[in-house]
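Got some structures for you, see below.
Two complexes, one shared chain (subunit A), two partners (subunit B, subunit C).
Moving on to the complex of A and B:
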């Protein structure tokens, strides 16, 4: 109790030194907090960019020059479908419909309807779709024979929403030379679950008359023993940071790397990723974080050394006081505790204020702040002890005689 | 009683070994005033510091009230039995006169209140009044500071005062006051006062004078200054 009281009184008596030491501890502690906050903010921003910078990809041919009008084997589509790293998967393929029997080789020239087998209305530019009650865009993921048609088709066929429409579909297939041809199909009954009004622009005028769930078309093909070939497929990554894992997985399923010098073909057996922006930004962040992590312990060490030197300097300036305590019979350990206590009390004030300030700035957590504070206090104790050992190294008598 | 038997003290500097004391043998008793005189560098202050327990002799023994100094808790000895008084007073500069005298009392376990009362009494005894006790050392004259130092030495509760050139920084008037004070402590309160000096006036007040030369203590002389 006497030592604690003396420590408190000494802090008051050495006012100027106490204030200086308090400010130094506050500043140094704050610097450490700020460095730590900087690292945490950088790490948080790095996590943010994974959400804000999307990475997309699409199936392409081997030369990477075409990502539509492809022939994508079913196994390749299945690979994308089964990959958990991917989201927003979009598939599409052209399907020709006729309301009467015609030779399939004439399907593109005669009175036929151009359709798009897909799993999302995103495949088209049509946003305003009027749906049958109970139906929505999710219906495009079904296997049922449902269609969404253009308004002109609705009028041409003299039908309406919710009614059935009998249509012939013409299967397309691709030979070994990548030549597309069409086969005659059977008539099937499709339920009209929605319609859209195309805008009066070139894109919409050339757009699909019918949207049909691609799973329904695939099922029909299987039923009739035909191979179904997707025209285009695209996706985005759930977590852009997993780009390498995605590439690895797709390679295992049979996708090839893009080879610009390869012979151009329709085969959709390569993947093209739009990842350059993400990779560049992520690399910058990773470099920044790595440098901070290397630099952080060095800087912390340097700051702790500064604290130690400061404490040592303060102790040396109170050398005479130390000797006087010892001459009067105060034990070495008691003097050590006294000086330690003084420094810790002052430093505690400084670190608490710095902790509060950093919390206000939205900085480190209580736990991290407490650990940093303990580090500072530990360094102060060590600095005081080393200084005391240095001062008390020589014989007390010789030290007093030298001082006197 | 302090018995000094064949004491020698040597210390090692960076470049050489220095033998400060050789074959010192003497006795000190309570109720007596001793003076140790000699030239500068003769080893007087070193001898006094050994008696104060600031270090232990390299050879020989110092026995204090039957206990050899090497077996004593020297910190306890300095806080409860013996006290030093220095030429430069060596007061805590940031403590008032009262706080300076109170410190050793509180160090020995007295409560703040009791220590304050006792300190006041001691200061009064050495002629420091209530107004002066609130002053810091820098506000006091040399003589006043030395009186505070003596009061602080008395505050240990011990009966041994070891003074190293206590009047070195004082004028003749204050010199007389300090010498008189020390003599009074010896006569009235049975203190053992050992003063190191090369001031004849201070030496002549002593009951016994030892002469230190080249680290060796000369025979006890009768007061040569009389």
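Moving on to the complex of A and C:
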């Protein structure tokens, strides 16, 4: 108790030095807090933008002028399908149906149903889908012969949800010039697993009459020894930060970059990522985080040296006082505790005020701030102890003689 | 005296070493902070050269009506929403005192240029079944007496304009006005302007069908008013029909349709960047150079041409291209009609003027090709470029287009742009909300200025931290060490004075060593700070973190960081140590003067009292 009272008294007695030391501790601690806040805020914002800035991609032709009505090689679709970094994968291709047998060459001119072979209900602009119990959008990933139809088709065919519908599929033929034609049809039975309706606000009335799992249509074509190729594909990234890995995978598949000067074609062999916003923003953040991380240890080290030197200097200026305590009979350990306590009390005040200020600035958490404050206090303690060891080496007699 | 002063300092080596170390560190911090602030300042100046912020404006409809019409295609009533934009809000309404523009808002038309002798690239993806021209003028005879409320068969007797393959075909014709009950008689001949489409037959199969096209209407905007639209897409053909006024109108329409097929869109602009496709990087100069600010301002006869158009016509940089402009369209954007990836194009404007004549050429000049651009498909109509497009300086069109306005409409995102100072979007919107018209909607595109600006601001924040730490430490250190090295030398100074050394001599003895050590320390510190700045600069110029393959970032954008060289002003680098040394000298001189000013005897007396 005596030591604590003396320490408080000493702080009061050395008012100027105490204020100087308090200010130094406050400033140093505050700077460290600010740097830490800056780093944390930047890292937090970066994590947020990875979630909030979507990166999407789509297959295009080589000139980049078209991302629909393409002919996309199977391996290119497989690359997207097998890539774990991608989500919201959407592939589609037209498929023509009729409820009676007709010459497939005229399929687009006759009373046919325009269908989309796809893996997602996103392929239609009509969002309100009524599903058969037990069925969901996942059903479009199956190979089973299931269909989702527009309500007008349901009415026209006088059928209902859950019933089977016999339809002729008109098989695709893709020639060497990527021109699609239809040359024969075959009847299959499809189960109606859903229907969709358009509301008045939906002005786009060009939507498909039928949605069918693309794997089912592909399998049917394979049975006939034919290829069924998607005409559009798009996706988005699960974590945009993995964009390099995605691109690496796509490069291995053989996807090309857009070459605007190339001869226009329908082949879907190029990719276009809508990633400029993400890349620009993320690069910015990565730069800042890297810089902060490079300069933070430098600055921290420098600040710690400053703390040590400051404490040492203050201790040195009180060397005579130290020796006086010793001459008066105080033990070295007690004087050490007294001086340490003085510095710790002042430093504690400084770091607490800096902690409060940094909390007001709204950055770091209490826990992190407290850890940082403890680190500052530890440095001050170490600095004080080293200085005390240095002072302790002085001869008591020398001090007495000097004062005489 | 100088040697003595240095010797005195060296008597306390630990203290002097601490002083030097502190000063080096502090000077390094100050130099680093100052240099980064200088870099940020230079970067901010460069930002305005590299980035532009453009705003696009579009008018909201005054009211929207729910309408119903009979769709002969589906044989049922359909609902649609009619949006009323009239009267259109003029672009001049955006000019208010509180808002400063770099480029004032301008509702940009596009001009139609008749390029008869040139090869025009055709639509890449056209509906195979309609293969080619959709519009035709034909003489037809109804198979039976009918109205056009529903689809009816008509036999093509003669093709005035359009593909010959339709000759003698029986086609389904559908009217577009369910209230038009005009009778068409099978023993009469009619001339019609139609657009090919697909329609269901009575047996359920689909067939070619033809509907009226807007091409036959008059949509001219004259004397600030819309000409009352004439939509006469049919006429009865009688003896001597083509010699009469109504017959001549059809011949004019035929010429106009043919001319439209040979027309390319010409985009007048205040700057290339004001075209959204270029601003958003969907179009860029592939060969040659962009039009300069001076060329835009002086209205020089230079142009940018689409790469495809140039390739098809063997055009190269420096070649001349004669542009006979014959109409100006303020009603829509050219991409909707001249688009590379759509088979849904159709006329939404009429080709004849109020006098039922094809529009005459109002301006014809030769333009030198300065650059060839390439465009990829944009995310919308607005940020795409039209097929065969040519960009020219707006001021180069010296003739007025007032008699040749083929259509006029509200301001649209794709045809009305303006440029404001970077970083002033919020201020703009605040002022607009206070004084502007709420019927207008804005969107801004700044090429990522706000992001880069944010990065520079964070860098500046760091620099300010360095500077504040350095500054406070410098002040504390100078006062602290002046106290130790000068004030505590009071006794030595007193003795020197008593030994007959002049005041000036004592000052020199007190200050020279201190200032010499300070100068060396500040010098080393500044050098260290500058070296650290170099590290900082290197770190800000690292290679791309993200793979740009397949990216929609174009080459110019990808190099945006390279375009902002962060340079340090040498004068500012030198200013920091000079000011620091001056400050140290002034403070030290004040401390020394306080000692020297005292009388040595008085000081001695004080010492005795002790």
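Quick note on the criterion: the second predicted complex is superposed on the first by the 278 of 404 C-alpha atoms of A that agree within 3 Å, B and C clash if a C-alpha of one lies under 4 Å from a C-alpha of the other, contacts with A are read in each partner's own complex, and residues count from 1 in each chain.
Operating definition for what follows: a contact is a pair of C-beta atoms (placed from the backbone, for glycine too) under 8 Å apart; a residue touches a chain by one contact, two chains touch by 3 or more.
From a predicted model like this one, the values you see are computed outputs, not experimental measurements.
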Task: Partner chain(s) touched by A:293 [first = subunit B, second = subunit C, both, neither] - done: neither
TODO: Would you check which partner chain A:227 touches, where first means subunit B only, second means subunit C only, and both and neither mean what they say?
DONE: neither
Task: First (subunit B), second (subunit C), both or neither touched by A:64 - done: second
TODO: Tell me which partner A:2 touches in the superposition: subunit B (first), subunit C (second), both or neither.
DONE: first
Task: Which of subunit B and subunit C A:87 touches, first, second, both or neither - done: neither
Open item on the list: A:280 in the overlay: touching subunit B, subunit C, both, or neither? Say first, second, both or neither.
Closed with: second
Task: Per-residue touch tally on subunit A - higher for subunit B or for subunit C - done: C
Task: subunit C residues within the subunit A interface of the complex - done: 14-15, 18, 21-22, 25, 29, 66, 78-81, 124-125, 128-129, 198, 200, 203-207, 281, 286, 307, 340-341, 374-377, 379, 448, 451-452, 454-455, 458-459, 461-462, 465-466, 468-469, 472-473, 476, 480, 532, 535-536, 539-540, 542, 544-553, 557, 560-561
Task: Footprint of subunit B on subunit A - complex, ascending - done: 2, 5, 10, 13-14, 321, 324, 326-332, 395-398, 400-401, 404
Open item on the list: Residue numbers of subunit B touching subunit A in their complex, please.
Closed with: 11, 45-46, 49-50, 52, 54-55, 75-80, 83-84, 86-88, 90, 92, 94-95, 103-104, 106-107, 109, 112, 152, 156, 164
Task: Of subunit A, residues touching subunit C in the complex - done: 20, 23-24, 27, 31, 34-35, 38, 42, 57, 60, 63-69, 108-112, 200, 203, 205, 243-244, 247-248, 250-251, 255, 257-258, 260-261, 264, 266, 270-277, 279-284, 286-288, 290-292, 294-295, 298-299, 302-303, 305-306, 309, 312-313, 316
